[in-house]
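Shared between the two complexes below is chain A, which has chain B as its partner in the first and chain C in the second.
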Partner chain A sequence: MSEAPIYTEYHPRWYRAKISTYWWLGRWPYLKFTLRELSSIAVAFSVVITLFLIRAVIRGPEAYGEFQSRLRTPWAIAAAAVAFGFVLFHTVTWFNSAAQAMVVRVKGKRVPGAVVVAANYAAWLILSGVVTWFLLGG
Partner chain B sequence: MAQKRSAEPLLWALFSIGGTVAALLVPVHLFLFGLAIPLGWLEDPGHARLLALLRLPLARLYLFVLCSLALFHWAHRFRFTLYDGLQIKHLNEVVFAFCYGGAFLGTAAAAYLLWNVP
Partner chain C sequence: MAETIVLEVSRYCPERDTEPTFQSFDVPFRKDWVVLDGLNYIKDKLDGSLSYRWSCRMGVCGSCGMMVDGEPKLTCATFLSDYVPGPVRVEPLRYFPVVRDLVIELTDFMRKLKHVKPWIVREEEKLLSEGEYLQTPDELDAYKQFSMCINCMLCYSACPVYGLDPHFVGPAAIALAQRYNMDSRDEGSRQRLDILSEHEGIWACTFVGECSTVCPENVDPAGAIQRYKLTAALDAVKSLLTPWGAK
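And now, the complex of A and B:
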């Protein structure tokens, strides 16, 4: 008989094929998935802008004016435009997946997915209008 | 023996609620203050109006919820983007601390600012 097998107290590692760090560049669905995940950075960026805006308002008219002039610089506008594109991408993909994520029942009957998605878009439009009205014209 | 409770269900719930809040409300805020007002498409509401709005308790609560939930949504999604995209799951503790620590710091900053509105 040949040599006795060697046993260890640890579980052996399974074989896993090495995946490239750039696996998500290979196919459009993978890239779309990763871009959707990266949209969260744009969400965080928007929060940071909001927090700086609040700080500027608290500090007084001069600080507010200074912050507004910073927002008017080409770099700030370019960053906001890119972030806005990503944020819209988040909104659209989030609402479109709502039909799979939420099972809504009314009187025991399942509400069709298209209605759930449409309700999300309707709520978005209404809330956007309300926020704009409060901030600019109410 | 008592089983250790996982924080994952809570983190997934914050991700989900934060994602909905972000989808509904973040675009209009970014559009107004990042594009429409700086580019002159819409008139600047002015410091006095924004301060008056900030003095409303409901507006402060709204801003706190918006900022906090949106940040926790970012934290959870970005955590898994780093795990899957860059394949750095072995740096789990660092990624976890960076993402949720960032969300906690942002939430604390929002609370501090909104509490100190004159």
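And now, the complex of A and C:
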């Protein structure tokens, strides 16, 4: 709908309220939504760090050691902690929204939303377990 | 228990005011009174010039939607007892132009609703002699939730995307489009997808989710939009992979 909204013509003075720049601070659901959108930056940050990690591993032990020492600085630790918190928030909010975005049917019957959400959390737990097992040396 | 409760009602007279102001009214507090009863009391006993819309008084017509203490509500289903000791602030639905007092201008919504073709589209109508278009209970169940929309526009007032971008088609119109897409008798989903795949359609929605929270009929417009996005994305991928089969 590219054309401007059409209202009844020739009406003299409707009142149109202006929307505050800070509308997202007015209510918790709006703030939560804004934080969820901002958390995408943290997700991107985590991906970039992982890519740098892979590059350091490929370049050999010296590059990997240098990369590790950079990650041990207070700023890097603080950034990683904030990013981790946001990534968790991102994951939880999207998992909780999954049932709204996706309708799963089994034999023609709709699977309850709670089951869809629970399946996401279960997959998360299983994958985290596999990664932990792998990191601890199998 | 208090005998009265204060309603702070937004007043706007287009011939006189540059912006709305609040006027306080003492109305009787009764346990079974809803906000609309308070407004009707004001209209009947205190100030006959108060303007607002209402009709059925039973949550069916969708006329009496207003902001009650900052939340979009059907005033016929919002009890004063939930706001004791008050005051209760009553304003016109947010993001819509105000015509007078609590009356909003809804032409924009009506135009958008018509734009998404919320009716059964058939490529070819059956003859009357061939009988009805039959549906199984499962086919009815597929769209029934979305058919419960009463066009009250509370979802638009809860949607910051609509507030920031008035071109956005909006939650109720998209949910109603989805209602007909999912109807087994309908053959117009391609036409609707072309309309709603535009920027101001489904892709403008950022999934705040408040439209579904405030919906008095549990229609879940946010869910309808996300599912529509999935359909549109799959359709786009399908067109890319099989260009010979597109449209």
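Definition applied: the second predicted complex is superposed on the first by the 118 of 138 C-alpha atoms of A that agree within 3 Å, B and C clash if a C-alpha of one lies under 4 Å from a C-alpha of the other, contacts with A are read in each partner's own complex, and residues count from 1 in each chain.
Heads up, the rule we're going with is that a contact is a pair of C-beta atoms (placed from the backbone, for glycine too) under 8 Å apart; a residue touches a chain by one contact, two chains touch by 3 or more.
Small disclaimer: the values here were computed from a predicted structure and weren't measured.
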### Message
Applying the document's definition of touch, where does A:R16 land relative to chain B and chain C: first, second, both, or neither?
### Response
second
#### Entry: chain B versus chain C as contact partner of A:E37, first or second or both or neither
both
### Task
Report for A:L136: first if it touches chain B alone, second if chain C alone, otherwise both or neither.
first
#### Entry: Contacts of A:W75 with chain B and chain C, given as first, second, both or neither
neither
### Task
Determine, under the contact definition given at the top, whether A:G108 touches first (chain B), second (chain C), both, or neither.
second
### Task
Report for A:Q100: first if it touches chain B alone, second if chain C alone, otherwise both or neither.
second
### Query
Now for A:F84: first (chain B), second (chain C), both, or neither, which partner does it touch?
first
### Task
May I ask you to name which of chain B and chain C touches more residues of chain A?
B
### Query
Of the two partner chains, chain B (first) and chain C (second), which one does A:W28 touch, if any: first, second, both, or neither?
neither
### Task
Indicate the residue numbers of chain A shared between its chain B interface and its chain C interface, in ascending order.
19, 24, 37, 101
### Query
Mind pulling up the chain A residues that touch chain B in the complex?
19, 21, 24, 34, 37-38, 40-44, 46-51, 53-55, 57-58, 60-61, 64-65, 68, 71-72, 76-77, 79-81, 83-84, 87-88, 90-91, 94-95, 101, 120, 123-124, 127-128, 131-132, 134-136
### Query
Mind pulling up the chain A residues that touch chain C in the complex?
1-2, 4-8, 11-17, 19, 23-24, 26-27, 29-30, 33, 37, 97, 100-103, 108
### Message
Help me check something: in the complex, which residues belonging to chain C touch chain A?
### Response
12, 14-15, 17, 19-20, 70, 94-95, 97-99, 105, 107-108, 111-112, 115, 138, 160, 163-164, 166-167, 169, 198, 200-201, 206-210, 212-213, 220, 222-223, 226-227, 229-230
### Query
Okay, in this complex, where on chain B does chain A touch?
16, 19-20, 22-35, 37-39, 42-45, 47-48, 50-51, 53-54, 59, 63, 66-67, 70-71, 73-74, 77-78, 80-81, 84-87, 102, 106, 109-110, 113-114, 116-118
